[in-house]
């Protein structure tokens, strides 16, 4: 139904936007191993996005590409965390840390969804996201415990993504209509905090921000980066309406 | 000049088409030739990521985006295997990277061309990876073990990439007029540079003989070029693209393709640093390397601290 | 408490609606109030560049691009005059910038809203600059000379900006359905935040009385808000947009507009750092400032070297 | 005629592309004075672009906006120097130095064009470009003579733009057909070199590069940045075909 499709769009758009951003790093990473690692993560996320958008599209006959290339900004449903710019490597890692810990807790529970397709997607995704989480944690520890410069950058990066954490755990009205199908975001906050508390303890970190961003991605109100991201993502496809690739 | 026992053993191994391994004795010239060739090859993989990375964020469908990402990522992997193979000969990766960034190391000149359209993703796969495969398949039997083994793995992936390039072009050729024009234009731009990837004609290729004697190289430049064109012609027919050589035709007498003489002027221009993207390819590699320096330092420092921690 | 001669002179000047100049004696509280108000105003100009800069590279016609660039550039200019005016009170620009970046200084809360569409360029000009003008025109007569003079120049440009904003909306309202929707949506989003720019209702605005006694402020928050709405209503009719207040109507009895009660919850949420763009506005300012540090250091060092050169 | 229109496109596209890039700096410059200065320069260049594109369009009835927003990459005629990314402030200044010295010499001579419109545009532009040149020279001296870091950045920036200088001075066939109308690019090299020699002598600089980029902007072959730049420049206009703004 349309509610499940909407929920699939939430998750699919998060994955698509994050994948698009990580894809930029391939050929620009600090070392070849990271070109590969970030490329891998981007590929996994793109895989999740495709499955989820494909599923969302079955509700009204649109394809994954219809949804990725032919929706305008207000029709996207990604949360602001995923829309944060790559910044330096520390910012990318900070965003990855929050994103992958959140996604891991989410997919782990979504495996029990009464919606079989979502459960199957989650089953596959959770294993991959587990690796992403490990990658982000390892780099968080390295950067926080490396040089003075890397530590300063890591602290700043976490502070900079922190205002966008809150939105991930808000229960929108849609969630009430999808009992048993969707995972209730607010229930993820505790396990999320617990995992991060361990990481922060080991890394001697304490992210903070005076701000909590209002967000609004689930209603189509986006961070300013998304307009630019979509302009680039969609430019070629939109130049050739109706073409196959 | 007397032959040392080590030299004799080496010569015997080569004569028997055997494999030289890292701990084996080898002549300095052999080592040098290999380091030069393998690191050039590694640099080519790394620099070769850039023309394709240019379209990752703009790929026109999610499926193509996934395939392209995976391909560029594979190239990073190939670079890694090859640097590792070169390292077995005693040259550290850092040193090779520094040489590349300083403009002191070569990489395949083909990557100094730009990729202005999506069809270039098809043409690179079909023509550039195609030429690379022709060059590389015989290298799987190269006398130096780690190189040959790296090439086995690389060739498998390359032939997959070539198929994907072909498929991109095929889809375009079956698409709109604009897409067909885009595909033909890309083939027109990449065809000659791809033929030039095999290097100068045999009579102008002074190092080939020694490489062949050492069983590093197995065929001459012109032999490989012929083999490549022979592979392309039927595929071009399936695609419906025209190869931009009006003189190209099968010659029953010589049992090979007649073709126009290759214009080497442009090749040597690009080689001399006057191609479209030479400066940008190195600038971009340097930038990634320098922007990443603090990350590599942090990782090293963290490892050092952890090491001393576990020792204490 | 006896009045000092300086205090008496100051009081007399204020009573005569005269101007205080930088070298004049002034009460510490007057100085502090002014520094706070002027630097807040300067910060607002600087932070206010960001929501509009968001559309410079994407402006939909070259004429609009030129107008927008000029406008954002004017805001940098306004920031400069105002920082200069504040500096005459003894606070250096650096100190004010550091306070802004550290999150210790305020700026107008309206700039914590995003600008998702081009129509926001119209709504900001019409509503935000419109409200700013209502606030600022009386400030041209502010008792502190440098502030009043800066405001004269700023007000002239602001009213030009307001006209341009109106024109953007007018063009959209005369355009396609989609453009009309875009314009109405932007008006819906900016109307209430613009009304909130005048600050809390008079009965909840404790500092207003002192500012009015010092001839810094000339009208109360509610007076200014009424004046602004009175200006908007006929302009909205010309535009053909609906102001998003169903209770809005002229009241012959009170001789002013009736309106819905303003919901201050959101205002205080944004003020408390929970608006959409609070974090991003400061992050971006900090980034520009820090990325530019090496440039400012270079300029200072160059000036120092040149200075010592010309002295030697 | 079409040849004059083509020539106007060359100059107009150079100005448009450079203006678009400089516009990015407004709100991001190292100090407020530079937000204003770079904004000013961007505005001047946009003014030149509009005059030149307007004039080019008179040949076939297209407006300045038709030309700016509805041409695809291969129809643009900008040279690669103008297409180089902003990079850091030093790179922007290095690009400005080359661009404004070149444009000054060009417009100074174009004032004598037998084409009255081009002559009039040049008459106005040369004064503005003179200021741009002064701005670039002053900053080149400051950065080269400032701190060790700024000097290193300035040297690197000049080396990085140097491969794109050569293209500016090539005589394409079009120039032969516009005798008296167009300025012959090759004739500008000597005065360009002379001005730069003075600046470099004062700043103790010697730009060099192992490379001369092939270029090809005048034939519609562009540096890879242009595709991204146009995607952003054109995205909104193209979403609303036929709309007025």
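A, B, C and D label the chains in the order they appear, each numbered from 1.
Note that contacts are C-beta pairs under 8 Å (C-beta built on N, C-alpha and C of every residue); 3 or more make two chains touch, one makes a residue touch a chain.
Because the structure is predicted, anything quoted here is derived from the model rather than measured.
Chemist: Can you list every chain in contact with both chain C and chain D?
Modeler: A
Chemist: Counting C-beta pairs in contact, which comes out ahead: A-B or B-D?
Modeler: More C-beta contacts join the chains of A-B.
Chemist: Please report how many Å separate the Cα centroid of chain B from that of chain C, as a whole number.
Modeler: Measuring from centre to centre gives 59 Å for this pair.
Chemist: Calculate how many whole Å lie between the centre of chain A and the centre of chain B, each centre taken as the average of the chain's C-alpha atoms.
Modeler: Whole-Å distance between the two chain centres: 35.
Chemist: Between chain A and chain D, what is the separation of their C-alpha centroids in Å?
Modeler: That gives a centre separation of 39 Å.
Chemist: Any chance you could list the residues of chain D touching two or more other chains?
Modeler: Each of 227, 231-232, 235 in chain D touches at least two other chains.
Chemist: So which bits of chain C are touching at least two other chains?
Modeler: 58
Chemist: On the basis of the stated criterion, which chains touch which? Give every pair.
Modeler: A-B, A-C, A-D, B-D, C-D
Chemist: Which residues of chain D touch chain C in their complex?
Modeler: 16, 20, 23-24, 26-36, 39-40, 42-43, 46-47, 49-50, 53, 64-65, 68-69, 88-89, 141-143, 145-147, 149-150, 153, 232-233, 235-237, 240, 242-245
Chemist: Show me the residue ranges of chain C that touch chain A in the complex, using the header's touch definition.
Modeler: These residues of chain C touch chain A: 54, 58, 103, 114-116, 269-270, 273-280, 283.
Chemist: In their complex, what parts of chain A are in touch with chain C?
Modeler: Of all residues in chain A, those touching chain C are 73-74, 160, 163-164, 209-216, 221-224, 227, 231.
Chemist: What residues of chain A sit close enough to touch chain D in their complex?
Modeler: Contacts found on chain A: 72, 227-228, 231-232, 235, 238-239.
Chemist: Write out the stretch or stretches of chain B touching chain A in their complex.
Modeler: Counting only chain B, the residues touching chain A are 46, 49-50, 53, 56-66, 69-70, 72-73, 76-77, 79-80, 83, 118, 168, 171-172, 174-176, 178-179, 284, 287-288, 291-302, 305.
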